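Here subunit A shows up in two complexes: once beside subunit B, once beside subunit C.
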Partner chain A sequence: MVELETTQGVKTLHKIFLEDVYSIPGGEKIRLCQQCGTCSGSCPTAYLMDYSPREVIAAFRAGMLDRVLKSNTIWLCTSCYSCTVRCPAGIKVTDIMYELKRLAIKYKSWPSSSKNPAMSKIFIDHVHRFGRSYEAGVIGQFVLTQKPSLAWKFKGLGTKLFLSGRMPLLPKSIKGKDEFHKIIDLLATKEVSQ
Partner chain B sequence: MTLTYSYFPGCSSEATGKAYDISTRAVCDKLDIELKELPDWNCCGSTSYFSIRELESFGVSARNLAIAQEVGGMDLVATCSACYTILAKTNRYFAEDPVLHETINEALEAAGRTYDGNVNVRHILDVIVNDLGCETVAEKVTRRMTKLRVAPYYGCQATRPKGTFDDPEFPTSLDHLLEAIGAEPIYYPVKTKCCGGMLMMTQEDAALRLCHELLKCAQDNGADVIVTTCPLCEMNVEAYQKMVNKAYGTSFNIPVMYFTQLLGYALGVDSKALALQMQIVPVENVLAKVPA
Partner chain C sequence: MADEKIAVYFCDCGTNIAGKVDVDEVVKWAAEQPNVTVAREYKYMCSDPGQDLIKTDIKELGVTRVVVAACSPTMHEPTFRKAAADGGLNPFLLQMANVREHCSWVTEDPVEATEKAKRILSAQIHRLPFNEALQPIEVPVNPDVMVVGAGIAGIEAALKLADAGKKVFVVERDPSIGGHMAMFDKTFPTLDCSACILTPKMSALGKHPNITLMAYSEVTEVSGYVGNFKVKVRKKARYVDTDKCTGCAACTEACVVQKVKSEFDVGLGYRPAIYIPFPQAVPLKATIDPAKCLTLSKGKCAKQSCVSACGPGAIDFGQQDEQVELDVGAIIMATGFELFDCEREARYGYGRLANVITSLEFERLSNASGPTGGHIVMKNGEAPKSVAILHCVGSRDENYQEFCSRVCCMYSLKFAHLIKEHLPETEVYELYIDMRAYGKGYEEFYKRLMDEGVHFIRGRAAEVSDVALAPEEEGRLVVKAEDTLLGIMRRLPVDMVILSAGLSPRRDAKEVAQTFGFGCSANGFYLERHPKLEPASTMTDGVFLAGACQYPKDIPDAVAQAGAAAAGALTFVNNPTVKVEPTISYIDPEKCSGCHICVGLCPHAAIQFNAEKEVAEVIEAACKGCGVCVAACGSNVPQQRGYLDKQIFAEIEGALAL
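Now for the complex of A and B:
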């Protein structure tokens, strides 16, 4: 396991990240970044980020990814792909954010204020169980375990959704759960973020 | 001639996005588009999944594509823009990365399946506008949506990242479809801006701000209704209006519909068969504006 607190650890992390990014089809284009800032200017949540998307790429170049992993930046990416379609160098910025999320999960390094890793975990657990996402279960578990304050805020809306038939309380499962799990189990052993 | 497709309803079609599924089936029935539901489909691989467990999510996604291949390899149509993007991305990555394709196929084989990479993934908007065509739709309209001012909201992932069937930032296919049913698509420069997506759960202040922008632009430009092509966009822009109002001191009460609901109404489909009663902000008053 890489220790993010040591110089050696940071160097190793940089190397791992490089390999991961280069493994994305077209990933090597990250070398072509000219720091124009189009990605940051296009990002709908950049104003809340500790480091803007442009700065993330700069940090990557400077070998300072450990800071990025501890920042809120990657967890504010909504996958809108605005940066990706506008980047004049053709860098897949959104995919780089995904790669960073996976590394952050692997090294358990995210700001305590960010609830996204927990949300993703709950989501994945539900898909593992049912083969599909089960919205009432995912939202219910998230609210109860991560953000009880939302229960009050969502009370009226939740009732409305339930009454209009948009929030069924029971999950629907796929039939081929066994084969589904075979696929997942086999791939889980090769996953970067394990 | 009947157009035939495999149909991927996606998980939200069983909950918050039910009306999208119901209205899509009703509209396709009316337009002579045959949708054959993909047998035993599972989660598309989802952005939340993909962003954390890449390989697994490709496997989850590819199981759907393998089934689509087994049932005849027809184009696989998704309604949810996020499902569409993820399924299409799996295809693209397989084409660009043979090693990844092989790894996933090994896992699929353990489940007795295989996928060659040749099933086209399509968005329902693309199918209606480009395969069927706006002229054909116009011929079948029985209730012209005259004078209805509509904000065409495409959201992010119908056209991004690849812009396969329309421009990634300034798409027009939905605008043309709205014109075909007699409605007036308003100038809506935020048509592909983000709704906040899953941030509505994890960081609602950020998502509410984005929704506020979308609602304000629709109101300022005189929209009677906003139509969407994605269940997450629909949910965020419609259901959270009260929370936006509270945060920004506004008084939005703008009806939001799936584009298939409005299209179905124009084609003469009964309101119930379009699940119009499922909307949080009632749409009846707006539709009553339309001359009979």
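Now for the complex of A and C:
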């Protein structure tokens, strides 16, 4: 198990991850998981996942972080919240998937084939820059940096979206971007101090 | 008062108290307090040698007041009071100082704990000189017992008491006794016929000379006091003279309204507006449903064919509800359970998808006396080729009921067996989280079902849908679930889905409990006095619990608890009198101004107004010593014995004296 120097001393990565997940509201409820599989059975993308949401929780509790971070599961979550609504133990499965995504990015550990972390990162960068999503920029940067062949594949859809005014070429910023940045910066320092 | 000789006993309780409190220091300190003659430490005061210390000191040192610093008075106050009485001292001249629950168990720092122990002890030392010798009040006990609810638990308890020679009143809400057990087909794990083992007991109850059966009746009010309950029962009008009715059922065949959904068949079958719920009903009397009978609901029925069909002329449209008053000494509650409302779990499609049925509906479907004559069929009349049984519907789920309903695993196995027995070619899938086969012969039954070829899938069903994604799913139900042992998602195309619904408390459980003066647990079932040692008693003396009204139970457990409740009630009413704590209120007639405030506030109707003397008076046997009148009186007239103002103030002064 990887050991890390933290402000509270040397801890295993597993312990840090557990503490992190427990710190989100309701996060400690993963202790109550009875492995019934309601989350997986309710998940619309479970059939694409190498480990089901239930298995991710089991692996995470067992300290098998490699399984959790190298699986495509957390990146295929579509945030439909079916699992969260139905979980008999009240586990906020979707929120935990988000937390695991954050941790995976923080420790730069994800399946080598997956482009989802790059997509998440580009999306967040754009939101940070303009205060809102800028689709043409996001998709442009993603295609150019990750997989240029996609440009050919999606040219038809892209043209349609552009012509119907759904994907303007130039970015639009929100009002009060400075205040928005202050909020984000404050949140970032909070996260660091945690 | 200054001449009182107080003896102080400080219990170590092993290390429970001595592990935290410096007992030597406290005892040394106590010996120097005013009025204290002797202060002793002992390892276990509740042991025989510990109690002997109290007796000997009373006799040899002439001790007149005793304080035992030990555990909570709810544990051992009776023990020490008895020791004091054996030594020749009035037991009410003894006080407990709780230095365990209130001190050593809840204080972290030993120095603070020692200081707190002194204060708790000081309060009692200051109080004791004001204690008075009190004599317990004895009230006679009515030997008759009432049983509320006549499912298997109520029937069993009533029969036991009646066989022991007690007069028993059985009050049942429905037209017939029998409860849920009368609706079942087979019982797990022995598979004996439910009706065959229940109906002899029902019949015995109906005929027992010591039992007065009041079916189709409800308790509306309970008053009185321990050993002497006054119960008001409303006998609902059946619109049939039960003395004349022979139970021949000619009226039910003649009735023009034949299509009323039958409660007994949980809506799967029909009954007429005048009906006998099932052939073995006890009492075997017809009942008219006033909401469906044309004469009673619309004012006219062209034929009134029931009247002409009834030979003895028992139909009486003018019948009214009747109020009956009963005097009983003890009460057994056996009001049972309700099935979890499956429509709340919308994702399983109950009420929307035709062939999704509840467990109780399946019981009727597989029952030879049920609406299909025991044929397991879908809504279209065809036999299902595959059936999925979904466990834990409404149970073990914090969105609905957090508890395990205990019986569902086993009845689900029984269903699988019945399907295999009726339709050997049909595939049966059990979708479970954990298989709970904890009872005698239950694990063996589980093994038997594995052997019979039932498919067990470990995984809770996520949803039931009628949307087909593959040719084999067309026109069928699809159960979606993760097979957690294989780690794969499954879509099971089936023809019928049975929801193994959990057991819920009766929806009026809270109001009923209030009527009888006890409470409900957080999960809504009746609260027992002690979860382990007194599961069949309530907090109200003389009121007992039997069956699933306390917590979900299968038949053997319900019967066992009914026996325990009957034994409890029997012990209680077999004593000619019951001792009531004398710590009750009294009102000095010289001081009472007759303002009436206490009369209306007393929750036990224990204060009556004497119009002649124009003062309030306490009915001693009814007073429960709650102290409401003491607090409410503007002139401080009512005083509670054992809790007099001067005693309370002395106690406070003592606690603050250090």
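Assume the second predicted complex is superposed on the first by the 178 of 194 C-alpha atoms of A that agree within 3 Å, B and C clash if a C-alpha of one lies under 4 Å from a C-alpha of the other, contacts with A are read in each partner's own complex, and residues count from 1 in each chain.
The rule is short, and it goes like this: a residue touches a chain if its C-beta (ideal position, glycine included) is under 8 Å from a C-beta of that chain, and two chains touch if they have at least 3 such contacts.
Just so you know, these numbers come straight off a predicted model, no measurement behind them.
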Checklist entry - With subunit A superposed, do subunit B and subunit C clash or fit? => result fit
Checklist entry - Is A:37 contacted by the first partner subunit B, the second partner subunit C, both or neither? => result second
Checklist entry - Between subunit B (first) and subunit C (second), which does A:116 come into contact with in this model arrangement: first, second, both, or neither? => result first
Checklist entry - Is A:133 contacted by the first partner subunit B, the second partner subunit C, both or neither? => result first
Next on the checklist: Tell me the contact category for A:52 with respect to subunit B and subunit C: first, second, both or neither.
Outcome noted: second
Checklist entry - When the two structures are overlaid on chain A, which partner does A:22 contact: first (subunit B), second (subunit C), both, or neither? => result neither
Item to check | Between subunit B and subunit C, more extensive residue contact with subunit A | outcome: B
Item to check | CA minimum distance (subunit B, subunit C), superposed complexes, angstrom | outcome: 6
Checklist entry - Where on subunit A do subunit B and subunit C both make contact? => result 86
Next on the checklist: Residue numbers of subunit C touching subunit A in their complex, please.
Outcome noted: 347, 392, 396-399, 433-434, 458-463, 480-484, 487, 489
Checklist outcome for this item: subunit B residues touching subunit A in their complex are 11-12, 14-19, 40-43, 46-56, 58-60, 63, 92-93, 96-97, 103-104, 106-108, 110-113, 156-157, 160-161, 163, 168-169, 193-194, 196-199, 201-204, 206, 210, 239-240, 242-243, 277-280
Item to check | Contact set on subunit A toward subunit B in their complex | outcome: 25-26, 44-45, 48, 75-76, 78-82, 84-86, 92, 94, 97-98, 101-102, 105, 114-117, 119-121, 123-124, 127, 131-136, 139, 142, 147, 150, 153, 156-157, 160-161, 164-168, 172, 174-176, 179-180, 182-184, 186-188, 190-193
Checklist outcome for this item: Contacts from subunit A onto subunit C in the complex sit at residues 34-38, 40-43, 46-47, 51-52, 54-55, 86, 88-90
